[in-house]
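As written, the chain order gives the labels A, B, C, D, E and F, with residue 1 at the start of each chain.
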Amino acid sequence: MIMEKKDISQVLPATVKALTKCNVSSVLAECQHDGEPMPSGRVLSDVVDLVRAIVFPGFFGDAYKDDNTLEYRTGLCIAKVYDLLCEQIQAGLCFANADCDCKSERRKKAKNMAVEFIESLPELRRRLLTDVVAMYDGDPAAKSYGEIISCYPAIKAIGNYRMAHKLIEIGVPLIPRIISELAHSETGIDIHPGAQIGDYFAIDHGTGVVIGETCIIGDHVKLYQGVTLGAKSFPVDENGIPIKGIPRHPILQDNVIVYGNSTILGRVTIGKDAIIGANIWLMEDVAPGTKVVQKKNI
Amino acid sequence: MIMEKKDISQVLPATVKALTKCNVSSVLAECQHDGEPMPSGRVLSDVVDLVRAIVFPGFFGDAYKDDNTLEYRTGLCIAKVYDLLCEQIQAGLCFANADCDCKSERRKKAKNMAVEFIESLPELRRRLLTDVVAMYDGDPAAKSYGEIISCYPAIKAIGNYRMAHKLIEIGVPLIPRIISELAHSETGIDIHPGAQIGDYFAIDHGTGVVIGETCIIGDHVKLYQGVTLGAKSFPVDENGIPIKGIPRHPILQDNVIVYGNSTILGRVTIGKDAIIGANIWLMEDVAPGTKVVQKKNI
Amino acid sequence: MIMEKKDISQVLPATVKALTKCNVSSVLAECQHDGEPMPSGRVLSDVVDLVRAIVFPGFFGDAYKDDNTLEYRTGLCIAKVYDLLCEQIQAGLCFANADCDCKSERRKKAKNMAVEFIESLPELRRRLLTDVVAMYDGDPAAKSYGEIISCYPAIKAIGNYRMAHKLIEIGVPLIPRIISELAHSETGIDIHPGAQIGDYFAIDHGTGVVIGETCIIGDHVKLYQGVTLGAKSFPVDENGIPIKGIPRHPILQDNVIVYGNSTILGRVTIGKDAIIGANIWLMEDVAPGTKVVQKKNI
Amino acid sequence: MIMEKKDISQVLPATVKALTKCNVSSVLAECQHDGEPMPSGRVLSDVVDLVRAIVFPGFFGDAYKDDNTLEYRTGLCIAKVYDLLCEQIQAGLCFANADCDCKSERRKKAKNMAVEFIESLPELRRRLLTDVVAMYDGDPAAKSYGEIISCYPAIKAIGNYRMAHKLIEIGVPLIPRIISELAHSETGIDIHPGAQIGDYFAIDHGTGVVIGETCIIGDHVKLYQGVTLGAKSFPVDENGIPIKGIPRHPILQDNVIVYGNSTILGRVTIGKDAIIGANIWLMEDVAPGTKVVQKKNI
Amino acid sequence: MIMEKKDISQVLPATVKALTKCNVSSVLAECQHDGEPMPSGRVLSDVVDLVRAIVFPGFFGDAYKDDNTLEYRTGLCIAKVYDLLCEQIQAGLCFANADCDCKSERRKKAKNMAVEFIESLPELRRRLLTDVVAMYDGDPAAKSYGEIISCYPAIKAIGNYRMAHKLIEIGVPLIPRIISELAHSETGIDIHPGAQIGDYFAIDHGTGVVIGETCIIGDHVKLYQGVTLGAKSFPVDENGIPIKGIPRHPILQDNVIVYGNSTILGRVTIGKDAIIGANIWLMEDVAPGTKVVQKKNI
Amino acid sequence: MIMEKKDISQVLPATVKALTKCNVSSVLAECQHDGEPMPSGRVLSDVVDLVRAIVFPGFFGDAYKDDNTLEYRTGLCIAKVYDLLCEQIQAGLCFANADCDCKSERRKKAKNMAVEFIESLPELRRRLLTDVVAMYDGDPAAKSYGEIISCYPAIKAIGNYRMAHKLIEIGVPLIPRIISELAHSETGIDIHPGAQIGDYFAIDHGTGVVIGETCIIGDHVKLYQGVTLGAKSFPVDENGIPIKGIPRHPILQDNVIVYGNSTILGRVTIGKDAIIGANIWLMEDVAPGTKVVQKKNI
């Protein structure tokens, strides 16, 4: 026979105490301000859903197209994005100890930032439509533009990236990273919001793609699944901590294609029209128009 | 002090106008029919959940086994799948401008297609159970069949593939691609619903697996994580657009095993009983029974 | 004109019969006990969410920090975890035909196990905070500890692993595997709960990482995306079925770094301070302090 | 010891059979058409909530006033009311075997009726605001118009009545009765939608008020709780069934007040400016300006 | 300027202590057993909804009629009612300290009671359909049987009464009272589940109707709004506490009609075919066939 | 054939314009402040549910009693009540144009008021328990205290009244009226929050009870269904508008009983121990100890 060794009624209060007393772990405490809201992945996921519904109405959000109410629905979605973003940006500013201390100034700053994001939505749609066109033109399995929008994970990943990158440009802390990780989780495509990426960007399949913070990618570039555009190494300071913000990821010029599972590391430049074959491991510049293929590996 | 530069009350109406007026982007307009429902990823995700609950009762859906009500629950689940699929197939037909223009004919066609899918459910279970057996037999970490069904992402990915492939056979447009992308997002395994795959199919770990549209895979085949069965290149038409539908992906005959992160490209044939080692990059036929391993890469 | 060939009213009852009659497939029947609850991925996902909210209050769960109610919220979250785990562990024991047949003994056993898990929560937080520190110290793109907790998928994957591993230690069947697969789906990082992993563990990007059941990993180890720590081969019994439980995965000693997409197979030992470069394929021991890099592959 | 006398597994199938076989009770069968939707109290309750939110924005629905989005919110609410009403009116027509047999004609008829209702919404608000004014002016406990709108059950009951009466005028069957019963349940005030009621109508407290189908009520009338305006008797046909539609309820001319728990029965006329005291029982005409009080009853 | 006099952070813990320490008020403690579930109005409300959907399919629950799935839906609804009732009856038995102390015996007893209730569902429908017929036949405003079922509050009140009365007969404590109060709240009709009521029972409008615990009502009886069938007085024991269970409410024989707002008090008998007019106050027997009307009260 | 006379696409924009342009009806505009939240019946209904769960744990809210977590649950419920009330009181102050104009002062004032309410919760429970005892002692149909708490609508109505009255004492505008109307809708019992009511207050059945704003009710008073304690008439100002706040409702001294459907109007005093029979209509003082019964009315 099995005895109930300890009862939950004894263990519960002790565990609660242990977890709430020692809560003041320096790591946890650093970025929490009592009584202030914190950024919420769940809310930002709603923001992403709303922006998708605004940019591609019918494909995301309510699954129908109705010209009678499009204006009303768009208006409400944008107003909702504005409200949620105001709140999340404030939380992000607070989290990052951003320059303004005063709550009401932080609120004003957040509002200005959210307004700037709202204004960029038409441009966001324009750019994403170039990506749709690029993916359709480059994939024999795609039957229509609509199939790309409905099905291709890259559209979600690049969409989140473009939102997040805009927020980086506006100066919003933390929130962009959460938004890009939402797409990473959804698609397996990990694009740092700090990267700079041109129009007509295509990713096929996509799982395992990594695009680092200081990458610069031109127009009409195409990547396949498992491609890493990473850092080779990074200088550390006197404490052995990596120095933040140094350019350390590849530059891909216009029309570059990188096939599946290839890895390009460091601040190298892959020239215009170059093609990098599958499963390549590369840490050097590649001249424009070059085709790099693997030596037989068997 | 920070000023509120522009107020949302000014920006909102302008942005709404910009997004609803220019909505008639040719890309977006192409596949939307006013007043018609569009395919919905959310609804199709419910369909997938229901089919899983039908095929593996207790493991998915309501987490219990109750013989008293199994018939009632199964009946309702199937009826629900039928209703949702009718609606989604109609939306898919409309989206794809499929051959029949008339709404009532489209409705009838959708009903016929949904009925045909419903009829195939017992066969779907039979095939998936062969996959369960294959994965149990090939994995020393698996403790029981039930663990495979409960935990292994490959069961979800292959399950969605088998549903989606059946829908392709029935002639349903678009919907199968959405269903396979749902599994891609959930598992990192990307199987194009057009591929042909035999019984007793096993995938271990699975993240990053890509199986292209024209692959043909025999019985008792096993793949590990990161394996790509892709296209090498594809002919383009006079406008530089890839020609759709040409066989361009590998054929894997019975009993083939491909280990982790290997890439097989093009319409090559991997013969019966062949074993392809890890991290291989391969664009040629492999004779039956061959074991391909990598040269030292360090 | 299209005829409705078969009506759902004919197909429905026949399909229901086919699926409920033949339900007694030996594969399905094996692990189901009539009237007993089965483990539920959905419920375990709630458990994971609650544990995250307990360990990192404000970052997960309710997105705010409020010292007034922290104790109450923590108390309720833990009580909820206890209740749900009791039920799920019972389901797991039943599923696995664990040693005790009697329902009330199974219930007692499950309670003891859940209590033991609850007691380990403060230690779980301590260990996860070492992982946070490791990831912050090793990543030039990370701006704060809080960014790691909020955004980095590895925190979710390692968190689930540490929960699941504790449950393995306690002797809970099946449930740990479901918990680790929840993180696999969310992050693309597949850590078997049987693996042994030290403090200050870091994974960057993470998609495609596979860590096998019998891996042993020291302190201050760091892995990049796509790294496989897998088995080379495994002995089979006289029926060709793999023998379960044999050590077959790598040992990584303290301070080892493995760069992106490298594969280490078999019971090999990677010595202290060794560095394995990107895209390496490795099946041999590596001496402490060694740096392994790839030969040029182009 | 208590034995389990019968098991649910025996009783369940028998009871299901009994309830589904004999389902073809003539009473139930009469108004159900297989495959056709039926009117739904739950959906109509949503319609009522939406109309309240349209008519009194901020007081019902989203609890805030925001001029930026009022137009969008109103637009969407009305579009939603239209959609739900189309569906419910169709169900009502089908239920009532209304004159048109053909489904597509029924659909058109329902659309026309719903459009007509939508057009009447501004007038609905105008009338309800007169009721608000009347209740404010007549109640020393009321502190503001807003308190009337927020709190007074009579606003809900009269609001539902005015919607339902409009639908009666348009010719919609059944739906109006369901709408008025929703308010009856919510407030205890039972106003038949067939009654004719003028502007500036006030009910205080209201529980137990009954206003019959053929009542005619002027402007500036006020009723207190428990007032019945009912029928005295009604002629029956040769089968003893009451003849439908005969005028049989009181007429109250302008400015009439009826105090609590009084009962007025039959097609009597209560003249202009008459006052009927509390707990009166009355079956005769009352001349204009008369004040009717009870004799001492103790 | 207004000061924050006391902070919630001081008041909260003190109030929590006050409410949880003194929780052992003898009144509250009496009927609570630690760790045992208590009866839940919310769950019983779901039971009522399910029973309505079983008895009147299409009118309640899913608003459509579909013969294909009626059997499945009915089966699941009944199984759900059984599960919920088992749990609630157990809670009721525990609450009432019913005769069996042992938990597993209580469970068996509850199962037997729930099975008995399930078996009575077809009879419940038969009786409720007689009530529908009675209300249709007696109301000139009713357009169809379906209108009665959809709209008339009396159907809900009598339905709940008939369920609750059956549970009383089976011996279930407390639960019947909660079920009848759910209808009281919904309709303003308060029928004690202990009352005995025949077939073809009609209530018009209904608000304010009170039917006491020991009433006996024959077939074809009709009541109007505000009718009280109450107790005149009741003997008290030596402590001044009313003696429970003594017959103290009226008996109404077949075909009796009681018009609006009349009050009948005490164990009097209203004979067959008697008619009691509106606003009557009555504490004596009434001979069969008598018509009682009020003297002029003005 | 039926034509679609007007299309919704024409009617929708016109109706939206009509409703949003003329929105500046003076009645609606009076109590709305742009951008400020308004009181919400839905939120206040949640507050009521939480307070019930705090005062009667196990009977309301989560239906179980668990001493392990009672403190945590109570703490969280109270914290939630505090948050919601702060917000609702602010909305109420804003709505009523209460004395402080400045938003931050209004916020402070609301916090103080909410804290004061929180502090009164233990006293609220004490008083409600006296009401429970009174109702148990006076009702032969009541089987236990617990039955009173679980089932009797009067507990809900008196509970809401006691909350609302406390808020009136604290000086909160509007919110108390909404809270009392929530109970009115739920129970048919209409108690104005301004009334003053002693301990051990009992209401039986309750539908139709009305207790006016300036009533004063002693201890151990009992009312039956349909009792009105109302105003006879009220002085009007020079514009014919009733003067607010004048004492105009009855005073009931200790131990008074009023039986069903009786009406007492005006500022009369019903002396200690008096009993008022059923269906009485009364506008005069009643001496202590008197028993008032109706003359025969037939």
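Note that in this section contacts are C-beta pairs under 8 Å (C-beta built on N, C-alpha and C of every residue); 3 or more make two chains touch, one makes a residue touch a chain.
In this text, all values refer to a predicted model and were calculated from it rather than measured experimentally.
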Common contacts of chain D and chain E?
-> B, F
When chain A meets its copy chain F, do both sides use mostly the same residue numbers (more than half shared) or mostly different ones?
-> same
If you tally the C-beta contacts for B-D and for B-C, which one comes out higher?
-> B-C
Provide the C-alpha centroid distance between chain D and chain F, rounded to the nearest whole angstrom.
-> 24
Can you give the whole-Å distance between the Cα centres of chain C and chain E?
-> 51
Indicate the whole-number Å distance between the mean C-alpha point of chain C and the mean C-alpha point of chain D.
-> 57
Multi-partner residues of chain B (each touching 2 or more other chains) | 8, 12, 16, 66-69, 71-72, 75, 79, 188, 207-208, 226, 261, 279, 294, 297
Listing of all chain pairs that touch each other, if any do | A-B, A-C, A-D, A-F, B-C, B-D, B-E, C-E, C-F, D-E, D-F, E-F
Okay, in this complex, where on chain C does chain A touch?
-> 54-60, 63-67, 70-71, 74-75, 78-79, 82, 100, 105, 108-109, 111-112, 114-115, 118-119, 121-122, 125, 129, 132-133, 137-147, 150-153, 186-188, 205, 207-208, 224-226, 260-261, 278-279, 294, 297-298
What part of chain B is in contact with chain E in the complex they form?
-> 66, 68-69, 71-73, 75-76, 79
Chain F - residues contacting chain D, complex = 1-8, 11-13, 15-16, 18-20, 22-23, 25, 27-28, 30-43, 91, 95-96, 173-174, 177-178, 181, 184-185, 188, 190, 192, 194, 207-208, 210, 212-213, 226, 228, 230-231, 234, 240-246, 248, 261, 263, 265, 279-282, 292-295, 297
Within their complex, state which residues of chain C touch chain E.
-> 8-9, 12, 16, 67-69, 72
